[in-house]
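The first chain written gets the first letter, and so on, giving A, B, C and D; residue counts start at 1 in each chain.
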Amino acid sequence: MKNKMEAVVKEKPEYGAVFKKVDIPEIGPEQILIKVESTSICGTDHHIYVWNNWAQNNIKPPHIMGHEVAGKVVKIGNRVKKVQEGDFVSSETHIPCGHCYQCQTSQPHICKNLKILGVHQNGVFAEYAVIEEVDVWKNDPNIPKDLTSIQEPLGNAIETILPGNVGGKDVLITGAGPIGLISIAVARVFGAANILVSEPNKYRRDLALKVGADHVVDPANEDLMRAVDDIFGSKGVDFTAEMSGNPKAIRDGIKAVTAGGIVSLLGLPDQEVSLDLTNDIIFKNIKLIGVTGRKMFSTWHIASNLLKSKRLDLSPIITHKFPLKDFEKGMKLMTENNCGKIILKP
Amino acid sequence: MKNKMEAVVKEKPEYGAVFKKVDIPEIGPEQILIKVESTSICGTDHHIYVWNNWAQNNIKPPHIMGHEVAGKVVKIGNRVKKVQEGDFVSSETHIPCGHCYQCQTSQPHICKNLKILGVHQNGVFAEYAVIEEVDVWKNDPNIPKDLTSIQEPLGNAIETILPGNVGGKDVLITGAGPIGLISIAVARVFGAANILVSEPNKYRRDLALKVGADHVVDPANEDLMRAVDDIFGSKGVDFTAEMSGNPKAIRDGIKAVTAGGIVSLLGLPDQEVSLDLTNDIIFKNIKLIGVTGRKMFSTWHIASNLLKSKRLDLSPIITHKFPLKDFEKGMKLMTENNCGKIILKP
Amino acid sequence: MKNKMEAVVKEKPEYGAVFKKVDIPEIGPEQILIKVESTSICGTDHHIYVWNNWAQNNIKPPHIMGHEVAGKVVKIGNRVKKVQEGDFVSSETHIPCGHCYQCQTSQPHICKNLKILGVHQNGVFAEYAVIEEVDVWKNDPNIPKDLTSIQEPLGNAIETILPGNVGGKDVLITGAGPIGLISIAVARVFGAANILVSEPNKYRRDLALKVGADHVVDPANEDLMRAVDDIFGSKGVDFTAEMSGNPKAIRDGIKAVTAGGIVSLLGLPDQEVSLDLTNDIIFKNIKLIGVTGRKMFSTWHIASNLLKSKRLDLSPIITHKFPLKDFEKGMKLMTENNCGKIILKP
Amino acid sequence: MKNKMEAVVKEKPEYGAVFKKVDIPEIGPEQILIKVESTSICGTDHHIYVWNNWAQNNIKPPHIMGHEVAGKVVKIGNRVKKVQEGDFVSSETHIPCGHCYQCQTSQPHICKNLKILGVHQNGVFAEYAVIEEVDVWKNDPNIPKDLTSIQEPLGNAIETILPGNVGGKDVLITGAGPIGLISIAVARVFGAANILVSEPNKYRRDLALKVGADHVVDPANEDLMRAVDDIFGSKGVDFTAEMSGNPKAIRDGIKAVTAGGIVSLLGLPDQEVSLDLTNDIIFKNIKLIGVTGRKMFSTWHIASNLLKSKRLDLSPIITHKFPLKDFEKGMKLMTENNCGKIILKP
């Protein structure tokens, strides 16, 4: 094996990233080196690329970007038991400490000392990447290769939709970015009867219709609450999945839910959000559920099963594929929101 | 309105029934008279027709048969508020007492003093039928008329499948009689990833494949446990829906479930069933759930929503339609098991 | 029976109320007239008395105040079946419409067209009161009479604590007003291992310790978050029950919960509350549950069972008893917060 | 450290055991050697001692018995991170494989390849014992030392009672052996309103009353179903915890539950049990839950919290303490059932 590889590196604490040769990394006794075959761009990667506030506070350049990944195992640490060289694997991106209260109680995905692949340690936009044994997931051979790195955001979408028990229910999904789009597809495959999607970007509204939305609304130019009323009547929806982080979408998403209903929050607002708890949550007996990460690994089983059985067809959501070196094309599309999921291949 | 109507009547405590003129019934202050537009045959009706043990203990001839129904309201009792003349309605068939512990705690479907339409009071295989206000359900105009009487057994299927949280899961359904077939369709629409159906009748196995089964097995000639192993590996299934009442199917259905899994029991064995509780339930940490009736009316909302949105297509399950007077053709098909759901129209 | 009775009447749209003779009310066919034996003061009654904003928008004088009640049935409407003259009953205070989506799906306590006894119709601070058959609850004879009217707020406390599955858990309760105090007692009887209570009023902090708090903190003069850290370590609590409606208590109560934990909100803030959803709810995978009313009547069964078995001793919470005519003494105590639950007897 | 230790050894495949010197065991890289300070006798140990069928099929002499344990860490394997020498620890007894479906989905306690301490590998009735890092639990210093080894069966009791949501509910517990007794105490501390215990042994019925039963019945001489009817009326109980494994107790325990209720099964019948599924489970919409082991380690947190807070007082259940060498006294008491929990101290 050669000892240099190409990688997308955030080299300096500023906008952008470079494609350059770096050393192929070493692994520890409980780590795994994979030859990356497919990666995909997450909103987080875009935040790091454009160097927003969150990135400035969390990323230490030089840093290899990326965390959604699939690849072949080329080397395993001397204590690794779960996989062997040659296995085709993906990786969970939450790296748990193993000893906090959450880790001790089967909730490693919300570990108190959580580290994240591609955030707190070097990522996967590279020819080779190091993943942790605790995070490794063997891919089912029946899953199309391009979808293997998508299991991670698919897991987010599943976690968001599951609490809604959406079978036969009326559903609102606010935000149709990549995970929002996957959530629409998941809500559809889980039997949601009527799905309204709110999304300001036309490209994404069109995609939303393609993957399972029954109705779309542009919240920048239309009144979401009126659309809810027109479609679902005064009852409102049974469940809202909030995927945008937009304060108005959060507030409207909660208001749109019928008394006794459920709201999942996955989108991350970058400021505090003011809520009418009395009228919108308490008198209405609403459950508000914060969603982050994926259960390790019950959610991965569901994700894998949906893909390998072809129940879930995410191919319309994969709107672009680029060679890894062209990552900046992907970042540009992410800035414009004119994309679904973007695959990068080393 | 004339004062006689045609009806299917179990006239004597013996095999069979007759089609004859009877008085159009009177209604009480909380009852509703409907002009029947569609009815369907349930296994219970067939039990009454063939006069099995259960029927001999529960039915008092002369008795108008049938309980799955849809029709137009033609008269309402003087306290009825929920519907008006002209409304097109269906009926729940569990008639709760309203004052027992179960009724007091939002579980009227398992009322301690439960009466059942078409069992403990006259039924709906007739031109007109009396239903209770507490049971009435206004039909959504977007639901195809032939499916409106099917909402009742669809509700059974939904109750059976819901506890399995089947989205992305491996599912076994034992028994593909009419409700078993509907359950397959429901499991599929709720996102079950891989559905194995066990059913001895070829006609019904073929229907099972049509409505969503991935695999079928004939338990009379094939080894169900081996099929489970071949398809799902040593893990087994995540969930079994037992729809047959057959003791071997119940035992195998429980054994087929992976540790930590769930089994819904809807099929009614007509004898006690011997179970290896230690190895099959306790060491495996299995949940066994007895299912009967439908939640009034949260399950009806789900059923109606699935039909009106066309997410659920039950048309392949409706294999025969007859005029009410030809009800014996339907009973014959039920005896042979060569049918799905059979519609009778006055 | 005489035809005049004494009652506490909000006569004019202004601060205060009067004790005066009014007509004994008539009942409709599904209503019940009771001779009031015990009533208790709720925060809502105090709001009506002091004529706060909420009261100004919701109450139409002249209006008989009060809704927590127990009494003897003296007359029943001609359709009433659940009780007879002579029965000793209490009343649910949520009056459901019976036909909305919530009513149709076993959630009448959050009926879309909800009316509330003593708010939208005349109340129970009187010698006689009208209650609805749908709301009537027969009291168990083993419950001390003074506690029978307290079952209604006890039901609120049970609804608040139940979602926390508090057995063996670390619990924070913010606010020790009357329902907060009952919640402490309920959390204790349900097995909470360690209960911290935050309450600015000394009288109520002392009561909190008496009914089951392990620790109390005065949030006006002490740092609640530090107390949480001192007592529970960096893990925080498993569950917060927010009973104050105070925005800071709400925010701190959410922050105090460990990742994966649960927060019940019962206290009603009178303004919007700004929350750090990203860090406090989403990244921490918190469930926030709005609580209002009581399940009809599964919660009443629990409340009644806890009282009749003496598992729950609410007597320390009943700090004052007055004849009904002295209701203003009770209102004064409520203004000062120097009380637990106050009983009024006609 | 010396290299010999005293231990209770099942030396030959026959009734009994011997107290003898054996080598102090070696540890592997992920194992821990503890100096045993307290152990307790479980029914399983008694099965091994009397050499019943189950033992003959599962135990390979020579074998050190025992699995409930607390002790001081004296040596750790070179990869062990969770504890240090000197820590006072207990041990989970389910040893999971780490790679099966159950292990992968946060259910290691029902691992498909489960090994059990003191069954599949040498146990803890000895001066020193080897435990696995994956199983180690640091004891809270506030827990009385004699109770530290009891956390393991306490965990079983918690798992059994938790699904019943027993706060304010009517509860039947069938069987008051050691875990049954602990379950009574747990049901009581979790707020069960009315607890009926069925147990044929008088010594244990008396203990049952001491730890929280409201009523006891001797099923050998009294009619359990009549007792249920007398105490709970025709409603029956809300929840049964079956702790005996006795077929009649299982059947009666299920029949005693009200429609919609829950039954936990922990007792292990040594033969198949015949059940009237139709009338007792299906028509009644009962949930039957098989319980084994303890969640790792959320249940341990609850157990530890209940003990350290003194909410749960298990001291009346510890009826005997012997030096380890007198283990046969304990086995004799277990044979006669005239004991609660028996502590053995090396």
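We adopt the following convention: contacts are C-beta pairs under 8 Å (C-beta built on N, C-alpha and C of every residue); 3 or more make two chains touch, one makes a residue touch a chain.
Remember, predicted model here, so these are calculated numbers, not experimental data.
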Higher-contact pair (C-beta pairs counted), B-D versus A-B: B-D
Gap in Å, rounded to a whole number, between the CA centres of chain D and chain B: 42
Where chain A and chain B are represented by their mean Cα positions, the distance between them in whole Å: 40
In chain D, residues with contacts to at least two other chains: 101, 105, 301
Graph class of chain-chain contacts, one of line, ring, star, complete, other: complete
Touching residues (chain side chain A, partner chain D) in the complex: 79, 81-82, 98-99, 101, 104-106, 295-298, 301
Residues on chain D engaged by chain C in the complex (per definition of touch): 158, 162, 165, 167-170, 186, 189-191, 193-194, 214, 301-303, 305-306, 308-309, 311
Chain B contact footprint on chain D (complex, rising order): 101-102, 105, 107, 109-110, 112, 234-235, 245, 250, 258-260, 265-266, 268-270, 272-278, 281-293
